[in-house]
Amino acid sequence: MVPRDRPALRSIPIPKDRRYQPRRVGYSALKRFTARELLSYSLLFFALAALLVTIYSLLPWLIKQVPAFAVGGELSGWGQVVYGVLAAMLGFTVVAVAALILILMLRKYLALVQNRYGPLHYGPAGAFQTVADAIKLLVKEDFTPGKADRLIFTLAPLMVFVSALLLLTVIPFAPGWVLADTSVGLIIIIAAGTIGAYGVLLAGWSSENKFGLLGGLRATAQLISYEIPLALSLLTVAVWVGSLNLSAIVEAQRLWWTALPLFISLLVYLIASLAEIKMVPFDLPEAESELVAGFNTEYSGMRFGFFFVAEFGELFLLPAIAVTLFFGGYHQPLAGWWDFADVLRGWGGFGEFLANLYGLFWFLLKTALLSWLIMWLRATLPRFRDDQLMELCWKALIPLSLVGLVVAVVLRLVFK
Amino acid sequence: MLRPTELAPVPGAQEMLVNLGPQHPATHGVLKVVLGIDGERVTRAVPHIGFLHRNHEKIEESRTYHQVIPYLDRMDYVSGLQNELPFCLAVEELAGIEVPERAKYIRTALFELNRIISHLVWIGTYMLDLGAITPFLYAFRDRELALDIVERTTGGRMLPNYYTFGGVRRDINPRFWQELTDFVDYFEGVLPEYEALTVDAPVFQARTVGIGVLPPELAVNHGISGPMLRASGVAHDLRKDQPYDAYPWLDFEVITRSEGDCWARSKLRCQEFYQSIELIRQCVKKAPRTGPYLGKGRLKIEAGRQRYRAVEASRGQLGVYLYSDGGPGPYRSKHRSPSFTNLQALPDLFVGQRFSDVIAILGSMDIVLGEVDR
Amino acid sequence: MILKDVLGALRDIGKGMAVVQRAPRKGVATKLYPYELPELPPVSCQSLALITEADGSDRCISCLLCEKVCPSQVIAIERKRNPDGKGFVLERFDIDLVNCMYCAACVEACPVSAIVTIGDFELSTYDLQTLKADKEFLDAQGRRAKQWYSPKYGVEYRDEHGSIVRAPLAEQPGGEATMLEAKAEESEQ
Amino acid sequence: MSEITLDDQARKLTLGVETVYHAPSPAAYRRLGERLYGAGYDFPQCLSGVDMEYGLRVVVNLRRLRDQAEVTLWLDVPYEAPQVPTLCDLWGGLEWHEREAYDLVGLHFSGHPDHRRILLEDDWTIHPLQRRYDTGGYLIPEWRPKPWPEAASSDASDQAPVEAAEAVTPKEAETGSSELSQLKALSAAFAAKLQAQGITSLKALAELSDEALTPLATAIGLKSAAAVAKWREQARQLQEGA
């Protein structure tokens, strides 16, 4: 209601020495946040993730191009060493970048549904916020509480992170693009999850903090309990397909996804993986309003960063496993009828590469959709209580996963 | 401070003492509760308050009646306007100041608006306690709209200093009733969303149904008031039982629920949203559009007069005991804050519950530490 | 029975998820504060200021009322007899804006609307001593303020010549009573 | 309210709209409380302590939810014997209010299950809502207790002797105010603490031997020996100047 000839209240000038002086650079860019922006940035990140995964998957081939490391089409002794070092580094990068992207996307998505902007100031529409956060975590003081068990306190975050990293090695991103194409891929997935439970327990225990201990115990109970339905639902896939090799499982889903016959197992897997990620509604181990920060109460700096990256890396990896096992992996939907990848493969050597990229695209798309589902749940739900969590696991999920197993056996006997 | 007896172990329990607070995300301020925990089971709870103590009552001894009012806003800073009313009522009754009808309606409408503001803060922080962040931001989004109305009317958002003896301090702006109507219409539209995210949500129900049941006899004996008492099935509401301002002319029913658990308290507050909306509508309809906003009267209270006057604030019975020695200010004014009295039920409700439930119960009590410690 | 419960629970969860997904339609509620300043109503009491007339003289008549009514006792006034005329002139007018509660009791007590509320909320400082406001600072605040409010005169502002003008009735927040009073004054003129 | 049989000395007052029962003695207060509880006053509203300047008064506001009747209960106790029987076994809601009245006003509630300070720290020494303290928590030097009013006469003689450490016998009545102001010249805070130790003038302070001064300095909170010496020197100079 202020008339035009009079400046509005907002323009009251304040002397400079008394004024709070904000950064006024790039204000026009700040205002541009919309849902469309979110989408376009997610596409960019999508490309970045695809690039990283491509390099990661092409690593053996790249190393073989160096004559010293290749012997008759296979890696030489030194080649193996170089490959091992580079693969570990690249794997770390892939998980870290995936985590950074997912953290940013989660924050942006939560901001979108909560009528706010979210990170906005670093990079276009806040795109580099997580990078800045990562740098901040890296340069923070490496602090250990006085009473903590130093060795375990230091090693625990690494165990959690390595468990996430191990999952990465067995996932086929495209035909042939898999680091360890072992015949026991499913077993490795189960084993890796168990290591993470140890890491969380030791983190809570070694930090000599009551909240940390409570959080660690809660996490252990939760993770170990949910290993069972998780493993059982993974087992149904093995029963149905008849292989523990993930590539073989993906190849078996060219036409029909496993999700259709093994619907029950899929449901169990999704709920159990939510619990494994320790995300709402199963975030009891680090329930902020109850246990301050749970098992990572005493952690700061990059040690906390490892937990954080591992959690969000799992937000990428567990949906990735779900996609691999239940949603046809890198295949486009109904690839058994007509597959664009086959068309691409017809073009020869480079077409093969393009076909793999095409598979990677579908893989990442399905994974992103599943991750988004988890984020959506996180935006909606409060958290369960610890005993309800256990009841859900032991009274609902485990019987349900056994039912799923029986269904898988019966279906296999009938249809194959 | 713990007494030695409190440190003695409970026989048969492997107990760990945990300090819940004073700096803890779920204590809504600086409440400290020493919890004995056996596994996840709470074996004892000893609350410690006073971290925010400012001794308003001593300050008020050296202030005049008018100067006391700004201090009252600081007690329950979530619904600041409500704190001023019992003091104004007590002084008006002692000094015999008449309040014009229009001022009564203005007061009542703002009082109910503050109830909405307060319950919005509660719903947000309670969901935050239970692990959901989204309703918190929705609640604060809508609270801003209500606070804007308060600011346009009184000049302050949370600490308005608006009620005074004989009415209100300054006239409302001409668009006040229209603003109220607009807000109430909007808010009634959003309320189902809150209910879908809170009282109707299955996970919320799993966390709250049957948790922290407060028996009505215990509630009455402990002097518990407000939504906590009404959720236990006791129909005690000072708006109806000892009406003040415009409430005698408004048409409403006291809401009660019989369950007495955390869910009942939450549901009751959601129902009170609707009730407040309805009351504001009635105020808008019935309030005279012209007339004085401040009654005439001489602010002189004889020596030896005393009065205990209470109103039904958003957390319960908010009262003031006023004793006058004939001077220009209160000789002694004791504030009976609902949070302080409701918090006494804490050990009774906590012991035997799980650690997660403790948070749910504490949140459902809806305490404001500024009011507890005064 | 169990299936019905589970399905009902899933339906209710779905309802909540739908609410969350529909929320972005309401738009962004955040104000980017340093870049977007809030539209404060003219009555908003963010800070205090002293008003000087267009010729530079004080409105304040040194009646000490504000000093007396201040609940937190942060106003300190010293005055002396006006050497050329009746009344008093100010020697010192200090407000401790750190301890001030911004209850605006002084503004209501002031018989000449010399002390007013303004909407300047950007007084953040690293040094609290800068908020022990003296008369020069308060005068400067009054000169800088584009509009201000006092219950007696309502919203006022300075026109381009620097003289103080009362805002038109449509803008006055004071309500019907104040408006009618003002109308009566206008009709007299 | 007619169903309550009054104690032999209890007075029923009607102040405005309020009904007040004024108990003459702690025992009568307890009996009145029990009778009110028996009469159905089930909802404890408030319990306040008031410093009446001749003694302390406890005010209990009760409500009966059945018919919304309100009643007030008064008891006056002298400063020397602020013992009040507790009512929190009848109304659990008065427990914290009684603790607060003890904490801020200095009433002692005998029989209270958890008789601790509630808002202030446990090692706080004063009860700030008593009129003898100013807002800084220091003793007001001119403060004098008023004589006990005849109307509210209490059988204070049958009170138990003071046992609690907090029951401060006012020293101001015995000493002249000029001596007090001498002490105040040092520091109001220390003057109050010194008074509690029985030192009422600079002369008494300066004449104190070192052996006697050291525990005194500890008691009033002076930490280092240097601070004690400096402070004592200051007192000596002041006394010489006077």
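Read from first to last, the chains carry the letters A, B, C and D; within each, the first residue is number 1.
The rule is simple: contacts are C-beta pairs under 8 Å (C-beta built on N, C-alpha and C of every residue); 3 or more make two chains touch, one makes a residue touch a chain.
Keep in mind it's a predicted model, so treat the numbers as computed, not measured.
Counting hops only between chains that touch, chain A reaches chain D in a minimum of 2.
Chain-level centrality, scored on Cα centres against the all-protein Cα centre, points to B.
Inter-chain centre distance (chain C to chain D, centres taken as mean C-alpha positions): 43 Å. One simple way to say how far apart two chains are is to compare their mean CA positions; for chain A and chain C this gives 51 Å. Per-chain CA centroids place chain B at a distance of 31 Å from chain D. Multi-chain contact residues of chain C (touching two or more other chains): 13, 16, 19-20, 23, 26, 29, 40. Residues of chain B in contact with at least two other chains: 134, 138, 141, 197, 201, 203.
Here the chains touching each other pair up as A-B, A-C, B-C, B-D. Contact residues on chain B toward chain D in their complex (touch as defined above): 1, 3, 49-50, 53, 55, 57-59, 61-62, 93-94, 218, 220-224, 234, 236, 241-242, 305-308, 310, 317, 319, 321, 323, 331-332, 334, 336, 340-341, 343-344, 373-374. On the side of chain A, the complex with chain C involves touching residues 1-3, 6-15, 17-20, 22-24, 27, 30-31, 33, 35, 112-117, 120, 376-377, 379-381. Interface residues of chain C, counted against chain A in their complex, comprise 13, 16-17, 19-21, 23-24, 26-30, 32-35, 37-40, 42, 118-120, 122-125, 130, 140, 144-147, 157, 168, 170-171. Contact residues of chain C toward chain B in the complex are 8-9, 12-13, 15-16, 18-20, 23, 26, 29, 40-41, 43-45, 69-72, 101-105, 108, 117, 149, 151, 173-179. Interface residues of chain D facing chain B in the complex, by the touch rule stated above, are 15-18, 42-46, 48-51, 59, 61, 65, 68, 70, 72, 91-97, 100, 104, 114, 116, 118-122, 128-129, 131, 135.
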